[in-house]
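These are the structures in question, set out in turn.
Heads up, the next two complexes both have subunit A, just with different partners, subunit B and then subunit C.
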Partner chain A sequence: MQKVLHIDAGKCTGCLQCEMACSYENYQVFAPSKSRIKVFDFHATGKKVPYTCTQCDEAWCLHACPVEAITVDKATGAKVVSEATCVGCKVCTIACPFGTVNYVQETGKVQKCDLCGGEPACTEACPTGAITYIDANWTGLGRMAEWANKLGNQPVAN
Partner chain B sequence: MTHHVILGAGPAGVIAAETIRKHAPQDAITIVGDEPEPPYSRMAIPYLLAGNIAEAGTHLRHAPDHFERQRITVRRGRAVSIDTVEREVALEGGERLGFDRLLIATGSRPVKPPVPGIDSPGVHTCWTLDDARHIMQLATKGARVLQMGAGFIGCIIMEALATRGVKLTVVEMGDRMVPRMMGPTAGGMIKAWCESKGITVRTGARVEAIEAEAPLSARLSTGERVAADLVINATGVKPAIGFLEGSVIALGVGVLTDARMQTNVPGIYAAGDCAEAFDALTGKTVVSAIQPNAAEQARIAALNMVGQCASLRQVTQINVLDTLGMISTSFGNWQGVTGGEHVELTDETLGRHLSLQFKDDVLIGANSVGWTDQVGVLRGLVEGRVHLGPWKDELLRDPTLLSKAYLGAAQAQGQWVSAADARRR
Partner chain C sequence: MAWAGKILRVNLTDGTVKSEALNMQWARDYIGSRGLGSKYLVEEVDAKVDPLSPENKIIWATGPLTGTMASTGGRYTVITKSPLTGAIACSNSGGYWGAELKMAGWDMIIFEGKSPKPVYLYVNDDVAELRDAAHLWGKSVFQTEEIIKKTHQDPLMRISSIGKAGENQVLFAAVVNDLHRAAGRSGVGAVAGSKNLKAIAVRGTKGVGNIRDPKAFMQVTFEKKKILAENAVTGQGLPAYGTQVLMNVINEVGALPTRNHRDVQFEGAKDISAEAMKTPRKTDGKTHLVTNQACFGCTIACGRISKIDETHFTVVNKPEYWGASGGLEYEAAWALGAANGVNDLECLQYVNVLCNEEGIDPISFGATVGAVMELYELGVLTKEQIGIEAPFGSAKALAFLAEETVNGRGFGKEIGQGAKRLTAKYGRPELAMHSKGQEFPAYDGRAIQGIGLAYATSNRGGCHLRGYTIASEVLGIPVKTDPTESEGKPELVKAFQDATAAFDSSGLCIFTSFAWSLPDLAPQLAAACDDGYTTEELAKIGERIWNMERDFNNRAGFTAKDDTLPKRLLEEACKTGPSKGKVNELAKMLPKYYEVRGWNPDGTLKPETRARLGL
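Then we have the complex of A and B:
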């Protein structure tokens, strides 16, 4: 069963626990600046939006890599950067149209979400269930229910 | 059984072969490369020169039995002509290789400027692993190196040379560094940065002659004479398609293809640096020598070669460059268009710069220096032709709000109220 990160921005309070957990998991420090998941704060609307890699099937980053440093984790489907192989050319960072592969100055390599090998630290840290790790086929369920409710409750045109 | 022949063992050739294998498990696939090494990446050569990786680190695939397991035959050979009627490739040495589908992915070759003495010993291009070996022998600590050209490739090898401790002089014909990728502000920042790192930079200048004594002596258009132990020719590249001249395959600067990467001859495709692909956005054909585009073109070509229907959406010019630690990017039409709007934010002390070009409420191009966080959203915005709506004014006011503008406009996440929100796609 393929699982994916499911982000429900409506439940996010902007507490940044996910960023802390991510940086701690990967660098053993609490440093949101090093996090691979970012919470964007929309002041005008009050919305907080956690944002990270969607693990594309035909991933731009993976095909852009000149040295096979980004490969598929066969257990999770995540596109994973091998720091030992990455030469730091940064081409993946401009190839990804979502901006979710980023260069890290300190290491001279790029980083991206690797789903923590199947136990994403951000989901464990999220106190409101805004970030969950669920069966890929169920991610649209809430959305479908809302649409069904909306469409199903429309007056029928005669 | 369909036999796919792929000319060229670079990223485009390899990705096409793997894509064909994924979708056509029974087809026969042959990659023909003209260098002795296993398929490798030219893009990795600077990191080899800098000593960060060994030669094996430049290989496109690391498992020694990768191609065998994929049942992809990789063989050495150089195509000299294509018989489009008999459907055969003639290889150097007289052998003929039959094909059902053919992909031309021969990449590009360095151009040799008409400078007297350019063939002297000690003058090298920086293109192949063999070139790299020569450069590593000559570019020793304290050696005087003259680099002709400060374009994209020139700038990217500069760091490797500096790491090797050479005394470097760079001569660029354009009025600034990387003139075909970066605007004047960014080009000027990169030049000042290189000079602060001890590199001698001459822009608006060219090498007029090289005298082949030891050391080499170059005469510049400025009247200067530069002594050098090694001269690197990085004055540009062009599609490696000489073997197609005189064939019926239509050529422009590169091999002309439609949006499905097919040439004017059915069953013959082209992808990567040698291809001049149809860009649906502008309606023109474009040569774009960068791996993400090569990879996408290879994938599209391969899908069509196995009988699927896929077309290239567009050919966006994208580039990223690390010049001695100063990181710059360019996306799309960074020069802007008449009647468009432009915003620029620069902090020369911190080495940071953003330049955004708009047409109506769409971002059409950008340059950045010292800006790496979520920089890919620039591609998302440009290639997605995203209507920025109110975010355009936000960006004109503060260009650093890029990521939010992307999320807000391309994914409309900042405004969704529910699944029923009309902005949701």
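Then we have the complex of A and C:
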């Protein structure tokens, strides 16, 4: 079964535990500035929205890369950057329609979410369930269940 | 470890910014944030200094756990000598700014002197420079954040600043960061204003990495987060209702100070409660509350984000107030509401947003308005003097006076002096509900004996956050004590004061202590910093910090006489509720408190206490 990161922005509180977990996993520091998942705080509405790579099947970044530094992790389906191969040309950052692959000045390479090899640190750190790692075929299951409950699971009127 | 090991020293007079090594012995002995920042202040500033003079200093300090994955690790404190009280001031704030400073590689920033012209400090990792703030002077906190981010083309920057109130040296002006998180009390914003310091803009990309034992730290912080999640207060009550969960509870126990403490129960409490914030409005069918919000790293998320009813008289034709904004928290809802007898939720939130926008403390402001309304009802102040009819319960007067105060206009200038000075000016000093010049927060010291003692002995004047005995006396955390009983309270107050000082110094939020006690904090600090941080050691450090603050206040001229409460709390009994007939029994508790503190009867530290605590 392939799993994906599933984001339910309505649950997010903006605590940034996910960003710290991400930077800690990859760089052993707590540093949202190095995180591959970013939480956006829209003040005027009060909405907080976590955003990261959705691991497109036909990944723009992968196809754009001239040195084939981005490959598919067969086990997870993640599009993974090989730091050794990446030349830092940034073409993938232009190709990605979502902005989720980014250049890192300090290393001269790009970085993106790689699903932590199948155990995403952000999901473990998130205290609210705003980020979960679930069956790719059934990301809608939770919402379907909610509606099923609302529409069909009510006491019968006498 | 877990400290950055570096501090910034900014001399505003000369315009110099220097990097300095952190005094690691002090760090070990005072932890960080409140304790460590206060240690620097008491070592460097003469206790007798005029708080608004260039000789005073003001410090922004993080703790060793600030910017880590420990839950609530986003806090910082602003430490200075208070212009409101003349005592040591130390105001704690959440949001994201504290973590950002730590991630830029700095434990604290010390400002000294006075800039000849408005400036802000720009920090981008190792780069730290003073910049001209002429274009920011006269701007609100909200505008300041926006302009600085635009100037530097950096939307990820975090800003801690003052609004017009700080510039005008309103004595309870706050320092505000991330739009609606404030180092709110004791007028720290006025000190910044007196130094022509508008803001500190920070971008930190280095992160916090030097954890002593990273594996142990990740393990223990994970376990402790679980405790927070499973606790009824931190796992359910606070995220769902915020601190406002207290409004109905405190009203029921007859400890909700109402109309300048004339009453202890407010008939309008339910209208301004957490429940009211979640009830759809008649006008537009929407709820006042939009969502909750966490501070950096916080797994509790008590923060409230609300929207004011667009048709409400306070914001009609003012679309700038129609968006979501921070509030209401319990203290603000009480001070703006019950303290003045105002039950108009929308008006309270409008005033609360003004407090954030221009940087004032809603507690001191609301409590001062309470005194003004009482003076008005007594005929001491007239409509002509105040600029509006100001009986208790008038939402119009509250909103008007808030606008006047934050903009430094009319009678607002007098309100900006706080309740103690204002009531004294009109010959009725007994009507100021304060201790050491700082207005009381949202719990009545007659109905709850321990909190009265905590107010009287607080090192920063009237304050619930220096020893939140409400946890025990009302909520039963960690054990239930009888709020009407004064016996045993000196010991309880001391224990709360000391433990709080340790929590406040770690970089974590005191609200964790609804679920955690020192044995939960100790292993987190030990894994991050130094394995000498045991529960016993933290209790001792907390006591050391308390006594250090006290000693500063003593040198500033405070004596045992100042450990007191207004006549109303000592002589006018509660009229209703479970504590009907009670006054605060301070005279019974205070001598015992001095004894358990190891102080002389005049309130000074005994030599053996100094020796025991290494002071």
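Basically, the second predicted complex is superposed on the first by the 141 of 158 C-alpha atoms of A that agree within 3 Å, B and C clash if a C-alpha of one lies under 4 Å from a C-alpha of the other, contacts with A are read in each partner's own complex, and residues count from 1 in each chain.
Basically, a contact is a pair of C-beta atoms (placed from the backbone, for glycine too) under 8 Å apart; a residue touches a chain by one contact, two chains touch by 3 or more.
If you're wondering where the values come from, they're calculated on a predicted model, not measured in any experiment.
**Q** Looking at the overlay on subunit A, is there a clash between subunit B and subunit C, or do the two fit?
**A** On the shared subunit A, the partners fit.
**Q** Using the superposition on chain A described above, determine whether A:150 touches subunit B (first), subunit C (second), both, or neither.
**A** Touch status of A:150: first partner only.
**Q** What is the contact status of A:14 with respect to subunit B (first) and subunit C (second): first, second, both, or neither?
**A** A:14 contacts subunit C only, not subunit B.
**Q** On the A-aligned overlay, A:58 touches which partner chain: subunit B = first, subunit C = second, or both, or neither?
**A** first
**Q** In this superposed model, does subunit C or subunit B come into contact with more residues of subunit A?
**A** B
**Q** Have a look at where A:49 lands relative to subunit B and subunit C in the superposition and call it first, second, both or neither.
**A** Touch status of A:49: first partner only.
**Q** Between subunit B (first) and subunit C (second), which does A:23 come into contact with in this model arrangement: first, second, both, or neither?
**A** The second partner, subunit C, only.
**Q** After lining up the shared chain so the two structures overlap, which partner does A:93 touch, if you call subunit B first and subunit C second: first, second, both or neither?
**A** Once the two structures are laid over each other on A, A:93 reaches subunit B alone.
**Q** Counting only touches as set out at the top, which of subunit B and subunit C does A:103 meet: first, second, both, neither?
**A** A:103 contacts subunit B only, not subunit C.
**Q** Just to confirm the geometry: in the superposition, how small does the C-alpha gap between subunit B and subunit C get, in angstrom?
**A** Comparing every C-alpha of subunit B with every C-alpha of subunit C, the smallest gap is 6 Å.
**Q** For subunit A, which residues belong to both interfaces, subunit B and subunit C?
**A** 44-45, 47
**Q** State the interface residues of subunit A toward subunit C in the complex, per the touch definition above.
**A** Residues of subunit A touching subunit C: 13-17, 20-21, 23-24, 27-34, 43-48, 125, 127-128.
**Q** Flag every residue of subunit C that touches subunit A in the complex, lowest number first.
**A** Against subunit A, the touching part of subunit C is residues 67-69, 71, 96, 103, 156, 179, 204-209, 214, 218, 225, 229, 239, 290-299, 301, 305, 307, 323-325.
**Q** With touch defined as at the start, can you tell me which subunit A residues reach subunit B in the complex?
**A** 9-10, 38, 40, 42, 44-45, 47, 49, 51, 58, 60, 63-64, 66-68, 85, 87-91, 93-103, 105, 142-143, 146-147, 150
**Q** Report the residues of subunit B in contact with subunit A in the complex, numbered from low to high.
**A** Result: residues 11, 15, 41, 43-44, 47, 52-53, 57-62, 290-292, 295-296, 299, 318-320, 322, 327, 329, 331, 372-380, 383-384, 403-404, 406-408, 413-416, 418-420 of subunit B touch subunit A.
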